[in-house]
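Read through the structure below, which is laid out as structure tokens, and then see the notes.
Chain lettering (A, B, C, D and E) follows the sequence in which the chains are written, and residue indices restart at 1 in each chain.
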Amino acid sequence: MNNTVIAYYPGCSGKGSSAEYDLSTRTVLRHLGVDALEVENWSCCGSSPAHAVDHVLSAALSGRNLARVRSMGHDLVTTPCPSCLSNLKNAAHAVRDDDVRAKVNSLLDEECPTDVEAISTLQFFLEQVGLDTIQEAVVNPMPTLRVVCYYGCLTTRPPKLMCFDDPENPMSMDNILECCGIEVIPFPLKVDCCGAAFGMPRNDISSRLSGNILNMASELEADAVVVACPLCQMNLDLRQNQVNKACGTHHQMPIFYFTQLMGLSMGLSKKNLGLSKLAVNPEPCLARAGVR
Amino acid sequence: MHIGVFVCHCGSNISGTVDCPQTAKAAGEFPDVVYSTDEMYTCSEPGQESIIRAIKEHNLDGVVVASCSPRMHEATFRRTVERAGLNPYMFEMANIREHVSWVGRDKALNTRKAIDLIGMAVAKLRNGTPLFSERFNVTRKLMVIGGGVAGIQAALDAADSGIEVVLVERETTIGGKMAKLDKTFPTIDCSSCVLGPKMVEVAQHPKITLYAASEVDNVSGYVGNFTVQVRKRAVYVDWDACTGCGLCTEKCPSRKTPDPFNELIATTTAINIPFPQAIPKKATINPDYCLQLTKGKCGVCAKVCPVGCIDFEQQDKIEEVQVGAIVVATGYDLFDYSVYKQYGAGKLPDVITSLQYERLLNASGPTGGHVLRPSDGAEPKHVVFIQCVGSRDKSKGRAYCSSFCCMYTAKQAILTKSHLPDSQSYVFYMDIRSPGKGYDEFTRRTQELYGAQYIRGRVSSIHQHGSSLVVRGADTLAGMQVEIKADLVVLAVGIEPSRNSQKLAATLHISADTDGFFMEGHPKLKPVETNTAGVFLAGCCQGPRDIPTSVSMGSAAAAKAMVLFSNEQLESDPQVATVNATRCVGCYKCVKTCPFGAILESEDRWKNPKAEVLPTICKGCGICSVTCPHGAIQLNHFTDNQLLAEVNAICPLPTI
Amino acid sequence: MNVLETMKKCIREALPDLDMVMGWEQGFDTLHATPLFMETAEDVDRLILGPTCVQSLAVHLPSLKGKKIGVVVKGCDSRAVVQLLSENLLNRENLVIFGFGCDGVVSLSRLKKKLGALDFIESAEKKDDRLCIEINGEQQDLPFDDICAPKCLTCSRPNAIISDHFAGPQRTPRIPAKGKTALEKFEEKSLPERFDFWKAQMQRCVRCYACRDSCPMCVCRDHCVAVSRNPHFVSQEATASENFMFQLIHVMHLAGRCVSCGECERACPMDIPLGLLRAKSTEVTSALFNQEAGLDQEAVLPLLSFNIEEETIEEHD
Amino acid sequence: MQAITIQEQDNDFRAEVERRSGQSMVECYQCGNCTAGCPFDFAYDLPVSKIMRLVQLGQREIVLSCHSIWLCASCKTCTTRCPNSIDVAKIMDVLRHMARESGHIKERTVKAFEDSFLASVKKTGRLHEVGVALGYEMRTGRFLTDIDLVQTMVSKGKLSIKPHSMHNSDQVAEIFKRFNGGIHE
Amino acid sequence: MPPSNDLKDGGELRIIGFLCNWCSYSGADAAGVARLEQPTDLRIIRTPCTGRIDPLFILRALINGADGVLVSGCHPGDCHYVEGNFHARRRLETLKRILPISGIDPERFKYTWVSASESGRWQETVREFTAKIHALGPAPRMTDVVSRSKDLSLEGLLLQDENGGA
């Protein structure tokens, strides 16, 4: 897979609270011979607040980014963030309707293209890089590391829009990590919600939902939870103490991005994978797994 | 010609939106129409009498009735005009109910349309000719396809009336799904006690020939004279010799063979007899698991068999059977519920189907009738039943109700309580459908006497949590989410037509509805007939049915066959193709397109090539008529001129 | 030996075993040829081959079924023979085919348009790609392409594709000239314009049935539905609509069978461009069924067969 | 509890929900699967299936003034599992739009968060997380929200005081301006 | 719900339907039983099978001045006579593609498949086709007067374009 160039939309949190996701994704992609070309002058997709306010506004905010991708001469863009992905896909799908496209374009300076497709970097790893290539790059398998994969809501939902993996029992991350020589425990709450954007306005709700996930992970004696979503990661990791306080628990559960573990298995440096940016210290867990 | 037109009011069904008197008056203006009138109910006894009277009084030689669909009453009125001495094919119908009064709202437009349709019928009739049937012999032998309870009933009823019956069963034993059940609702009587004697009767009946482990490969011919090719699958045992002693099954070393009779919750031996009451009670080798057949070494069964009936070289055998009628009773299969990923997709051991649960409840099942859950063999305490899994679910392509799940779920809840007095059952349902004698009382009893808790709502997901299953559902009556920690979950999985039924439909030239169930001849009046003469339906192959209804259908189908066989000879439908030999140039284009091989490459007296139609084989499709450029082959009653007359009646030939 | 002499020799040799051989002889002048039915060796002397041998003799074959017949065929005529064979309308064993490579035939109607009435023809001869003709005392030298039958301009099969005897050299197929065909130009017209066009043409049609009678694929003859009362598809009135109905019956009966010999249009005394209808039908059936008529004796007529999945037909849901 | 007068149901409401969501309300047969799977049900005042029923009954006031429509996080479990393939989450979205438009704001903090989020995007083109937090606190007066996270975030280098830069952020602001100008309707 | 019978422009047009007895005629009956309202223009001719429908019937109807012709049968693969609709599909498609050369609008002819159980689909089909024929308006007739002023030879027709285009 040499010299593949893909358009890459990091998403706002990639420049802030999930900097390590952005960093580790780029690091692993580069290691596998993929150049992630950042979308020029991208802007926020509007996330869930935008579509909670208006579907046309939401499509326009993402539509602007699709237009940016088109202007780079690309017709495929990848993003690590499921929420961004959901909005980009929604916009790309919505503008196929002439009526909606007219409304969206009336908000935009440049027309929203109808031929740009968005996929997640997770899907890109699975379908375009391929498990074989990933497996070949693994130098440091971690057979004693027991993890659960937590996908959250939006990676595969709604299935008609996302067209990726099984909406009830997704296996893409499981398969990638098993390929990386990591033990993946079947996780029944794979697609339950972590509380999403309610961390700030209704912390009571998100704490309870994130708590369920952490409880189940620790009951299954997982060493860590692996995620593919910045919002899930934030709720489970940065807010883990809030969860502990609200639920009366004492979790110290590391929450990795799957790209970080991919990188570790490929022998890439912790620094380039942003491990130090995780709120719950992953070192004890990694030490147990024999990662230095 | 002297044509009479009779316009039916059909109560207010037609006259509500069509001006019948005006229609009749206008019909009187059509050429050759000498009499026209309107009647309240043309199909009623007085209605028919007035047609007969009119034929005699006005010397009619053709009749048009404008009423309902010809698919409804064409046969009725043909008999009526025949009673008055007319040829039954000098009769036409104008469909002014289904195609006019019931679909159009504007009375003036409807009336005009009704008049037009009568004009078309009159035009067609003016180009019609009397047709005469041929008589042919009937093979008084019935084939029943499928040996479940419906097929067994049909076979026994027909055989008891003296008809030879051939019963073809795909599995190695008859009995169907009912043989797997423990008890039946709403009487809680033992399923095998009811069915067992009937199975034995089949085996012993002198008029019944049973072909088990057999399938229908091909069917040709027509009502009264079908030729059926039956494939007898290789079972690697000479059944004529096998005594069913079971010695081979005791010694067979391949003990991990999946057991379909036990719905795959248990294993059996590679050579096996599905269950002790099997009919025929003969051993069968599963070639995928037999060590001799897969690896070429073992042969223990052959060594121990006291009569030497093991035959590893046995091949499939095709036998040809001549029958006069066929009853299809191929039953159902369970919907593949693994598409419900949120219910574990078949991967959670303690989430099982209702039919698997029957085997756990059944004393002859793998647990000897003790309810022990598959994962750890423990007795469950909290048992959750989920209804409508693969029923009434459009998103899974199953919009229909499987009809009997509500009742067997109630039965299973009762049986759970009697097997495990300390247990508690929960039933998630959307609606309780219990419209039968004693049925609703039964579901009430399930709750009132046996304490099953009914929760109105669907289940969103099931996941494993430790050794229990967390069932997350809703109680819409309370308007709350509910969660149950269950030890065992039983899915009332919906039913679908049994596998390969699509292929069988094509073989038999019968049609299937959008869900794949075979189509009955008429939803009300011909529930066990099909649109192919001589082929009848019984049981779940026609739609979800419970046992009593399946049995009734079996009897009804047998009765239909008896009616057919009560005639020494049958009359052929004269609506077949005929060749005008003077026009035929012998290119045989028609021969090439006939799907039934009903046209022969023949010759006339002067050895000129001519096509010839075999009227008993011709099914009257008319494909041939269109292939012939000179119109030498015409389909009776649907001739070019009859159809052109209809066209010209609506759109008259233009003049300059 | 030239082509004609070779052909004569072949025929003379074969004649004793045959009831008759069909060819052409000169008509009332050198521009017109008429069919020649050769039963004796002397008859053979009158045979000609050349640009005036316009008519397809295949048209006579079905009515002679049962006799042992020889027939001289150009490339286009041979396709009719193949098609008739494939439809079981001829017996191959009773047929001897004399083929040759055709250089193109003249179109009298194009010639008429150029020269006016063709009354006093002294001589007509093809020299390379020109036709030299002496008419009303004047010598005319015309490019052959300007006065040949339109079908010859795009002829892809000048040589008989089936023959027991082949005389002379093989001719090279024509590469169709660039530019739109008449059909393509006609199809640029709107539907109402086309309809009005046919209406006007059909008002001119005299229902002489020359188109039908010259068509080698019209095999119903006395039983043609155009004149029958059972079935009664079309009335005898020569109105525009009945004439058009007749023409469209002819189109449908030829669908997948027309061998594009152009005889119908040539035979039409009113010069109605029936070739447009034929060309469309051929275009449609070859696009749908990937099959051209008159090329393969074993072929099954596309309208007598089907595929369960038709790749070229969009499913009408 | 008040009785619903069936003949007085607001059919326009139901029609508007159908038009804006592209879903057909009549297809809902009240199986309750949406409620069964909803992760937020414990926090709802009306379960999803009841909201669906009340929309069927044209109960504008009851539906638009409930809390639930603000608490849906669009996790789409309901949409994914609906046996009639109704996009329930989209209906919840549309109801929230309608509630906003008609001034039925039952969850002020949720609205404040959404407003702060969009204000930040409008201002800088990309989301500035600190900006959102500050905006939210200003709007709600809840000045201590997530104060416990600040230290961690700072130490991990995840709290930038300045927004991440992009050119032409005015293009994004322009989208909002046109939207508020109501061009798209 | 789209308006059904509201074709208030100048009344009915002449639409002929050819339906196979087993699927579409049954389906149309079922639509009647279910009282699925339809426009009234259509007049149905019952045939045993779409394989019985000669394309010449359709041409006859169109030349006689029918404004629309609708053919419907069993879905391919479901034919009561196994192969009838496979033959019909080839014949009808051939006709549909040849029609444009005659100047008859091919949109005036539609063939489709409706099974006995698809009463709703039948209603939709009738509504849509009727609406389409009304949009096309009455069909031009062979008996209408042709303007004699135009040169209606082929050359004339084709030249007119070249001159006009130049």
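In the analysis below, a contact is a pair of C-beta atoms (placed from the backbone, for glycine too) under 8 Å apart; a residue touches a chain by one contact, two chains touch by 3 or more.
All of these numbers come straight from a predicted model, not from anything done at the bench.
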Would you mind naming the chains that touch subunit B and likewise touch subunit E? C
In terms of CA centroid distance, which chain is the most far removed from subunit A? C
Could you tell me which pair, A-D or B-D, is linked by more C-beta pairs in contact? A-D
Roughly how far is subunit D from subunit E, going centre to centre by Cα mean, in whole Å? 50
Separation of subunit B from subunit D, taking each centre as the mean of its C-alpha atoms, in whole Å: 51
Centroid spacing, where centroids are CA-atom means, of subunit A and subunit D in whole angstrom: 22
Cα centroid separation between subunit B and subunit C, in whole Å? 56
Of all the residues in subunit A, which ones touch at least 2 other chains? 167-168
When you check subunit B against every other chain, which residues touch at least two of them? 342, 461, 593, 640, 644, 653-656
Would you give the residues of subunit C that are in contact with at least 2 other chains, written as numbers and ranges? 233, 239-241, 303
Which chains touch which? A-B, A-D, B-C, B-D, B-E, C-E
Over in the complex, which subunit B residues touch subunit D? Could you list them? 342, 388, 392-396, 430, 456-461, 472-476, 479-482
Name, in rising order, each residue of subunit B that touches subunit A in their complex. 340-342, 345, 461, 463-466, 470
Of subunit E, residues touching subunit C in the complex: 55-56, 59-60, 63-64, 76-77, 83, 86-87, 89-91, 93-95, 97-98, 100-105, 110-113, 140-144, 146-147, 150, 152, 154, 157-158, 161
Residue numbers of subunit B touching subunit E in their complex, please. 69-72, 95, 97-100, 102-106, 109-110, 112-113, 116-117, 120, 506, 509, 511-514, 519, 531-532, 575, 593, 595-596, 619-623, 625-626, 635, 638, 640, 643-644, 646-648, 650-656
Subunit E-facing residues of subunit C, complex: 182-183, 185-189, 191-203, 233-234, 239-241, 244-245, 248-249, 251-252, 255-256, 273, 276-277, 280-281, 284-285, 287-289, 302-303, 306-308, 310, 313, 315-317
